[in-house]
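Naming follows writing order (A, B, C and D), and every chain is counted from residue 1.
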Amino acid sequence: MNHFLRTKIKPQGIKKGSSVKTLVETMGNSAFQGKNIALARDIWVKMLNDRTTIFFGLAGAMVPAGMRGIIAYLIKNRFIDCLVSTGANLFHDCHETLGRFHFQGSYEVDDIKLFEKGVDRIYDVFASEKEFRKADNFIKNWAKGLSIKREMTTREFLYLLGEKLSKISKVEGILTSAYKANVPIYCPAISDSSIGIALAAGRAEESNNIQFDMIKDVLETAEIASKSKSTGVIYIGGGTPKNFIQQAEVTSSIISNSISPGHKYAIQITADSPHWGGLSGCTFKEAQSWGKIAKDARSVSLHSDATIALPIIATAVADSFDLKKRKIPKFVIKKDLKINI
Amino acid sequence: MNHFLRTKIKPQGIKKGSSVKTLVETMGNSAFQGKNIALARDIWVKMLNDRTTIFFGLAGAMVPAGMRGIIAYLIKNRFIDCLVSTGANLFHDCHETLGRFHFQGSYEVDDIKLFEKGVDRIYDVFASEKEFRKADNFIKNWAKGLSIKREMTTREFLYLLGEKLSKISKVEGILTSAYKANVPIYCPAISDSSIGIALAAGRAEESNNIQFDMIKDVLETAEIASKSKSTGVIYIGGGTPKNFIQQAEVTSSIISNSISPGHKYAIQITADSPHWGGLSGCTFKEAQSWGKIAKDARSVSLHSDATIALPIIATAVADSFDLKKRKIPKFVIKKDLKINI
Amino acid sequence: MNHFLRTKIKPQGIKKGSSVKTLVETMGNSAFQGKNIALARDIWVKMLNDRTTIFFGLAGAMVPAGMRGIIAYLIKNRFIDCLVSTGANLFHDCHETLGRFHFQGSYEVDDIKLFEKGVDRIYDVFASEKEFRKADNFIKNWAKGLSIKREMTTREFLYLLGEKLSKISKVEGILTSAYKANVPIYCPAISDSSIGIALAAGRAEESNNIQFDMIKDVLETAEIASKSKSTGVIYIGGGTPKNFIQQAEVTSSIISNSISPGHKYAIQITADSPHWGGLSGCTFKEAQSWGKIAKDARSVSLHSDATIALPIIATAVADSFDLKKRKIPKFVIKKDLKINI
Amino acid sequence: MNHFLRTKIKPQGIKKGSSVKTLVETMGNSAFQGKNIALARDIWVKMLNDRTTIFFGLAGAMVPAGMRGIIAYLIKNRFIDCLVSTGANLFHDCHETLGRFHFQGSYEVDDIKLFEKGVDRIYDVFASEKEFRKADNFIKNWAKGLSIKREMTTREFLYLLGEKLSKISKVEGILTSAYKANVPIYCPAISDSSIGIALAAGRAEESNNIQFDMIKDVLETAEIASKSKSTGVIYIGGGTPKNFIQQAEVTSSIISNSISPGHKYAIQITADSPHWGGLSGCTFKEAQSWGKIAKDARSVSLHSDATIALPIIATAVADSFDLKKRKIPKFVIKKDLKINI
């Protein structure tokens, strides 16, 4: 018998009333990206069953697109342990936690008219420029009052912002959930976002002189990686979050002058392709050549818009794993903002 | 109040034990392609509620990837009324109805070794070349015995093939379900597939002289379109099935020398993009300039691998519509193979 | 020394006044898809230097996008030997040979207004619906007068159409150049295009009863492949032209009950990706598992819009090869329309 | 006459011996992305003819892919005025300036073997991990000796690095050319790269305490934008460089509490698509809703791998504009590293 021809694809019809979990399991008998949906669920569950520190990289306009609740859920319930995000997603989270909204719109629209009406467009999402400026001002004014004068890691800054937001809002957002759950958030390009704009506006008024210790972010994430029994990664999109988490393995190997073990589990949900040569679309095989991903890692590159794939996979993971059984890495962020890894 | 800012995006967390239907409804409150999943469900349900003839275009290696059961379900339960397919999907359906399989494989493999082992690869699907040749032979031998000597439409040919398969197999495949449900199947590039190869092999042995009346396929589909109260289209991928269904509207308007009303409902699930200029990736807006799609059509272009999107949407449609309420177009294929539209 | 680190990438600046050939050679020292441009040139030149029959598959709206002159040039100068095309490209070629045009437009436009103004849109190309109907009528009326009553291959039909057009126009188009150069054209989905619509309109008026012998197309292309010393393929896009040329190797192996040698040289210019599982985006490695591509084939998959890549590559090939040295396969299409292979 | 049907597409054959400039002009008569190549050339030339400050955003592994020479040329000859780059491209530039190389490889390779051989892969580019560590060490050791103890902008840091490299190498790289030409370079995610890793390794050894003033980067780029008569942008890929340049307009409007005029000219070369909702693939129309791009801006989104499009466009621009005529914005970086805008 031909050993290439062992696992039959099982075409299945529609089962009325199916749960998401059942559907994902059925997809596991198919092929192409549908099969990868099931594989992503499987690998995520494996991470949770292992003593794994789970890094989550968040790029793309996921919060405007309505993914905030899911990410907050993942943080709160410790399906993930460390978040690396673009600044924009955190700004938009802040905007929503302050009680404002993003709106369903259309990409077929007159953008000049939108500009005149003070409406900002993110593909088919609309938002109020005026309300965004209120969030800018909130950040600017809060930063004004920050008593810490030394350089801060983005993790410290975002922890304090999460603390502040927790005091004024009951809504479970990303920053507030992370604050409560002791999940560190890093933002390697924080100045490249409305958070950066807000702080720059404050600096222009001489109301703050926030300085970020960007290199300490690098050291801390390398330390988290090196002190973990094993690490797993989940990437929504590519960008700086993916690269930053990938490089944590390399950094820790360089600092310790040892061979990088690489991340042991790896999931990416991407709309990019490998053949353009960039890091956002590159495969985990390529990452193995660098030692960023372990030789024997379990990995899947899932090609899909995350607004489709993330809700499905996250729901199926929540239905497939009993959280009580998880051995959560116990980061504690202390009063002086130091992190106990 | 700004009328662009009316429909709030509602970020939601994970609900354990969610059904597919609930998840899709939640996606309807999001954005990007996730929202389009919900929109596709909505439009499909609208078609079913209206007196609409639903054309379904099937391209891409969907049967090898395990979608055969879903498509058979859609036919059998008349969620669709007329199928236009690539030849390959019908050949692979035939292969499975004959009791053979496709297998889960990997795209990271030595293809020269596969060739030596007689294994054909379709991305991450494996199949036995030897078994494919058995399906070739089945078609060749069956065609040898066909008594009809005149040119046949592909619809007639595929009806007879479905009839034959129904006699020897109980499995609910595409061809057999369509035969039983009086759902016509058209295949505008039938020679461009293993069905074509099988018939060519027979012709080389002078065992058949099958001739297809390709133009009559065009006329029949135009007639189906023109006699329908309204038409809706669902495209899995692009290729000849999409173009063939799109042109049905144009053909009927040319023949009747009238203005084409255009398809009234339109869904496409595609991994292609508009900016390459091809028909497979083009938008329904573009199609409106041609009169292929109605001015006031309800439409959605969903960018996703169909192996993800189709199972979700089809399950949600099945859970959202009571089939007893549907007014099914009553095509009848008569003894002389003529179709009563 | 590490044998993986042998061929240096040579970053080069801009050389003012560079020829296309020089630029392509410079690209050969780079990476990603830029390198593939140079590789495509190299492989094409190798085909021309070998005793190779060159199949050219043409999909996507290449004629509306202005690629007609280049394809006519390739045919006329025998840079290619056999064309397999979508029907649309041949219809649009006919439209231009009849003295009409496609126009530069925009994809950001009101398509309802275009419809009302009788303008058809193909991404950023506009054309007159009325003028298209004139081309429809031309084909319909010409078909009416065709004296051949037997089933024709699409090759015969398109040869006669090229002959007709050559008589009424001096313009060097695809059909006319192919007619003059004895380059056969096959169109496996001919009914799926405005040619099909035109013939259907004629059939509705009972002015023609054109029947295509689709299976003979399959046999002829298999024969061309099997009688050639070696074969090479160049694909612009995927679709039926790619599949049809790929299957020629399989068909000839099935008919002769031998192992397929596979195409020896292979170039594809595609905007599709392998990970969606379809044939249009699949790699030549995958094709090797089927025996469609030779084990030791020279091949390149170039990811680019063909409107960029084709003009560059074709120009560089024309500047890199002396056509006088080519051993052209001498297909002759005889008076009775038979082809002497 | 129909005003939609004015500009004829002119299909042209191959002209032997064509220059790149001629080819690009011919593409200007075509459609799809080919036409956009010509449009990008036109807009770039318009920028150069106007009193425009040209920002250039550089993302994707462009230096490993051999684009370094072109970018250095653009800087040196002031085809661009301000560079915003990923850290990786600057690290790889440094690596090459130090006399080492990237190598042509393949993406079909055993990555575990590469890892064992100390070879890092970037799609089809190979490089020596050992040599990369030498570049790491170079940066680490150089940073050790830096006398500036205050927080630095990335612009200051990269200027000093360019100065250092200029002293030890004659090669015209990106950092060295920018140093000599007074072209500021910003790197909003500098820690997210091997530069960040190198500085982190130094910090771990307590040999440096480099602190970046990320917010001052934001302020400076906003000031460059606001003091310019007009601004133009050219994006290779998306990522932080694109967003950072886009937000410069927003920042300056917020700081000055005025309405943003938006960038007046805009070119992007991207392999991403708008329908995934992210900033990397978004259109310039979308950017107009935010005021990032001017209402009446001349813009083009070109979908292509930059390793194809950039060499063509840059060559055609160099052949279409007499640099002597350019009014270059006179940034001067002074001894104290302040920038005179």
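We take it that a contact is a pair of C-beta atoms (placed from the backbone, for glycine too) under 8 Å apart; a residue touches a chain by one contact, two chains touch by 3 or more.
Remember, predicted model here, so these are calculated numbers, not experimental data.
Contact with subunit A and subunit B alike is made by C, D. Relative to subunit C, the most remote chain by averaged C-alpha coordinates is A.
Here A-C and B-C are compared, and the pair linked by more C-beta contacts is B-C. The mean-CA centres of subunit B and subunit C are about 26 angstrom from one another, to the nearest whole unit.
Computed from the mean C-alpha positions, the centre of subunit C lies at a distance of 37 Å from the centre of subunit D.
Taking the mean of the C-alpha atoms as each chain's centre, subunit A and subunit C sit 45 Å apart. Contact of a single residue of subunit A with at least two other chains is seen at positions 31-33, 61, 64-65, 114, 119, 122-125, 273, 275-277, 285, 303, 305, 307.
Touching subunit A in their complex are the following residues of subunit D: 59-61, 64-65, 88, 107, 111-112, 114-115, 119-125, 129, 133, 136, 151, 188-194, 196-197, 199-201, 203-204, 210-219, 222, 237, 239-240, 243-244, 247, 250-251, 254-255, 271-280, 282, 285-286, 288-291, 295, 305, 307. On the subunit C side of its complex with subunit D, the touching residues are 2, 4-21, 23, 26-27, 29-35, 37, 61, 63-70, 72-74, 96, 101-105, 108, 114, 117-119, 122-128, 172, 285, 303-305, 307-309, 311-312, 314-315, 318-319. On the subunit C side of its complex with subunit A, the touching residues are 31-33, 273, 275-277, 301, 303.
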